[in-house]
Amino acid sequence: MTNKALQRTYEILEGTTNDKVTKAFQFFIIALITVNVIVVIIETEESVLDEYGYLFTPFEIFSVVIFTAEYIGRIIVCKLNPKYQNSKFGVLRFVFTPMMLVDLAAILPFFLPFVVTDTRFIRIIRLLRLFRLFKLARYSDPMQTLGQVFKSKAGDLAVAFFILFIVLIFASSLMYHAEHEAQPAVFSSIPASMWWGIVTLTTIGYGDVYPITIPGKLIAAGVAVIGIAVYAIPTGIMASAFTEELRKKKASTNNTCPHCGKDISHD
Amino acid sequence: MTNKALQRTYEILEGTTNDKVTKAFQFFIIALITVNVIVVIIETEESVLDEYGYLFTPFEIFSVVIFTAEYIGRIIVCKLNPKYQNSKFGVLRFVFTPMMLVDLAAILPFFLPFVVTDTRFIRIIRLLRLFRLFKLARYSDPMQTLGQVFKSKAGDLAVAFFILFIVLIFASSLMYHAEHEAQPAVFSSIPASMWWGIVTLTTIGYGDVYPITIPGKLIAAGVAVIGIAVYAIPTGIMASAFTEELRKKKASTNNTCPHCGKDISHD
Amino acid sequence: MTNKALQRTYEILEGTTNDKVTKAFQFFIIALITVNVIVVIIETEESVLDEYGYLFTPFEIFSVVIFTAEYIGRIIVCKLNPKYQNSKFGVLRFVFTPMMLVDLAAILPFFLPFVVTDTRFIRIIRLLRLFRLFKLARYSDPMQTLGQVFKSKAGDLAVAFFILFIVLIFASSLMYHAEHEAQPAVFSSIPASMWWGIVTLTTIGYGDVYPITIPGKLIAAGVAVIGIAVYAIPTGIMASAFTEELRKKKASTNNTCPHCGKDISHD
Amino acid sequence: MTNKALQRTYEILEGTTNDKVTKAFQFFIIALITVNVIVVIIETEESVLDEYGYLFTPFEIFSVVIFTAEYIGRIIVCKLNPKYQNSKFGVLRFVFTPMMLVDLAAILPFFLPFVVTDTRFIRIIRLLRLFRLFKLARYSDPMQTLGQVFKSKAGDLAVAFFILFIVLIFASSLMYHAEHEAQPAVFSSIPASMWWGIVTLTTIGYGDVYPITIPGKLIAAGVAVIGIAVYAIPTGIMASAFTEELRKKKASTNNTCPHCGKDISHD
């Protein structure tokens, strides 16, 4: 490939320009991903499989060819990216970026069965096709926003989840000791009681496990009132971080002074 | 109709004045809508239908006559509205405003059965009578506030709902693969698993679907803790936008300085 | 009673002074109310009724005597209260204050059975004994705080509850039409479907009613995601108003400048 | 022990220095606690007990020896702590600090069975082993943060929980009177109805208890909408206090001006 063709491929694949070809390529990839996700979902519906099943294999081959070409293309042109240009192991570092791993996971389910023969492993591998969903992240503002929220609040969320885990262990252990004798099948062990803990502390309350003894109900009442308040902490962190992130984005797209028209973005 | 009569009709229908006739008309329409909604609700109660059923048809005819007269009246006088006066297709644009479409939906269930004969279609058409509820929006501050909240936060909510959808697809697909074999009837396909996803992520937890295998419970636990935090995002957006909207309203109705009495509204 | 005795009674009953007798009286009344509430609760437990039932009637008579004396005493001394002193119908206005109505409701269950003989009515009257709980409000800061929150946000909450009601009507009507045929016993009418609506929109999800048809599940999914966001509005209003009210209280007890020591409370 | 050895032990146990030995000791204790907690949890799983049960007793003895040595060590060196140095009952006060009580609770389950012989008591005592979990608090920032949140908002939370309790009593009493006749086994008494109250007001909704009569459903609807708003109060307090606490911590660890490097912490 000539240098010019490489440069053009880089522009189109990484979306550094805004011309029609780039836009058309992005639209095509987004559409292909969306149809792939829809297929992964509806092919589990037996009636759909019976009627349209013969279309799924050709479509899978078509998709994998495109996605593989895209994947290889991205690796070839990555040396044009200033971030990976000067480094010795630039290509290697590029291959291990999250988005490139997602791209790999999106095509692996097709190629691995040629290498591996263990059927159970192949079934789990097929699950990887779902990761095509995350290929959308490259083009989707909302998913990037969520990603940034998780990133910017990673520390706070880790703290909150550690606390949730402590509360869960404590609540489930207490409940195990209170209910094990009355319901040995349901509260068979502390790990089993943790299922009750999760279902209760998140207020889902399916109704498959609940205490029936007086001490069990008293513990559940205490756990519910205090524990739910603790479980609301990550919820609160997420909601406020998300609103904040959206506000920041709006601010950064509109960062000129309304009076003098100069750039005032400093965040 | 004379010009003066037209002008008076416009004033009464659009509530541009505050005189007694206008107020009486508004009160009458609000009362008629309220009774209509109550009738739509209680006529589904068999005991009520048996005893008072003979009253419902005359009341329906009476209501439709009034609502139709109101609808036609609004169209006739709309040319007096400065917004639709000078435009060529003013009347057409007026007819397609949201409130006028609601008004049309409120009377259609009566007239359509004369035109359409497909019984299944007629049954769905009757459901449209429920839209009389939204005729109230013209006179109800709370409903207008909610409308403004949805409008002002439409972008943020769209982002949040897109993320919810991604989380839902991912969670439901994982759960389908974990539980399909153990509960083929309940987790029959990914779309069917989405019912589990909605019921879990909103923390409703009816108890009609829940995982029973260890991997399923582990996935549900992870989904519950992380997913619920994500599902709380639109809830947080709505609650804060609503509070903000109410504060704005109060500020705009009370925007004079308590000391000098001058207008101090700058929001 | 001499004027001085009247004045002293007024001081003790209304707690305008802080002396030992007033404090002892308040402690005694609070203790009596608390024990009364406990008795109302535990006398429904059959094993308690069997063993200690013979104590409940004397205790009821003792309590009613005290509460009646307190009630009459308050009326007698109310003319010493500047608020009700100069008005013509001062006593009447005093008798109809919320706290005096609570006091009346607290003793009525004892006296009414002497007048009324309809047994069903008497059973409901006995329920009024529970209102003794609210006699605590006179001495309890938290209950007063909650009262102030409801009062200060009454307008906002009314708006929010009106919207909840509109959402509930709309969701329940849709669900009725979707599920009535498949589950005629559960979704027998729109009012019956409202039970589903409440259980779903509040995310309680007992599991006694839920949709089983595809359209029903789709409606439920939409209602759940959007409706729950709407149902979170009053929750948000309450939580923030409560926190605000607590902050105000703290500010008003600590309203001097940390530097000059002067009063800086202007809120 | 020489004074120098004492001083060194104090440094290591209380973590006043940052040298390698101190860090290694802390890492070892944290690891030992974590493994202990895991053992307490998984030894309730029968399959684990069958296979690895023979390891648990030696590990328990090993752990208790270490924890006892640590406990006694802390008491011995506590006189070097300035806080407990000059006081007459310094050691006694130190022994009754929360963390030292946790340390005692962590070793008691091993020693008490030698003194007490009542088997039921011993079973409850074994539960105390779970308190080893809280030994982590000494080294865990998140747990300390949660502790500070509970401490700083103790007053507000007490107010909120008192209100929850009032709402719970009122709701459960009403429901008892509405449902007792229709479901005498489920709503057998007001204390029994409180289980319904907790499960409903926290929106868990297991589905084991719910109203079936019209008045019961009406009461539940009212309780749900208003009560849940009240139950959201402590949740709101916790979430905001936690976020605030985390922000404070960050501020205090990064309190120098990014330009001049001077200390700018004024909080």
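First chain written, first letter: the chains are A, B, C and D, and each begins at residue 1.
The criterion applied here is as follows: a residue touches a chain if its C-beta (ideal position, glycine included) is under 8 Å from a C-beta of that chain, and two chains touch if they have at least 3 such contacts.
The structure displayed is predicted, hence computed values, not measured ones.
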- For the sequence-identical pair chain A and chain B, determine the rotation angle of the Cα superposition and round it to the nearest 5 degrees. 90
- State the chain with the largest centre-to-centre distance from chain D, centres being mean CA positions. B
- Item | Between A-D and B-D, the pair joined by more C-beta contacts | A-D
- So what's the Cα centroid distance for chain A and chain D, whole Å? 32
- Go ahead and note the Å separation of the Cα centroids belonging to chain B and chain D. 46
- At which residue positions does chain C touch at least two other chains? 203-207, 235-237, 240
- chain D to chain C touching residues, read off their complex: 156, 158-160, 162-163, 166, 169-170, 173-174, 176-177, 180, 188-192, 200, 203-207, 210, 217, 220-221, 224-225, 228-230, 232-233, 235-237, 240
- Within their complex, state which residues of chain B touch chain C. 37, 40-42, 44-46, 127, 130, 133, 136, 140-143, 145-146, 161, 164, 194-195, 198-199, 202-208, 231, 234-240, 242-243, 246
- Task: Flag every residue of chain C that touches chain A in the complex, lowest number first.
- Result: 203-207
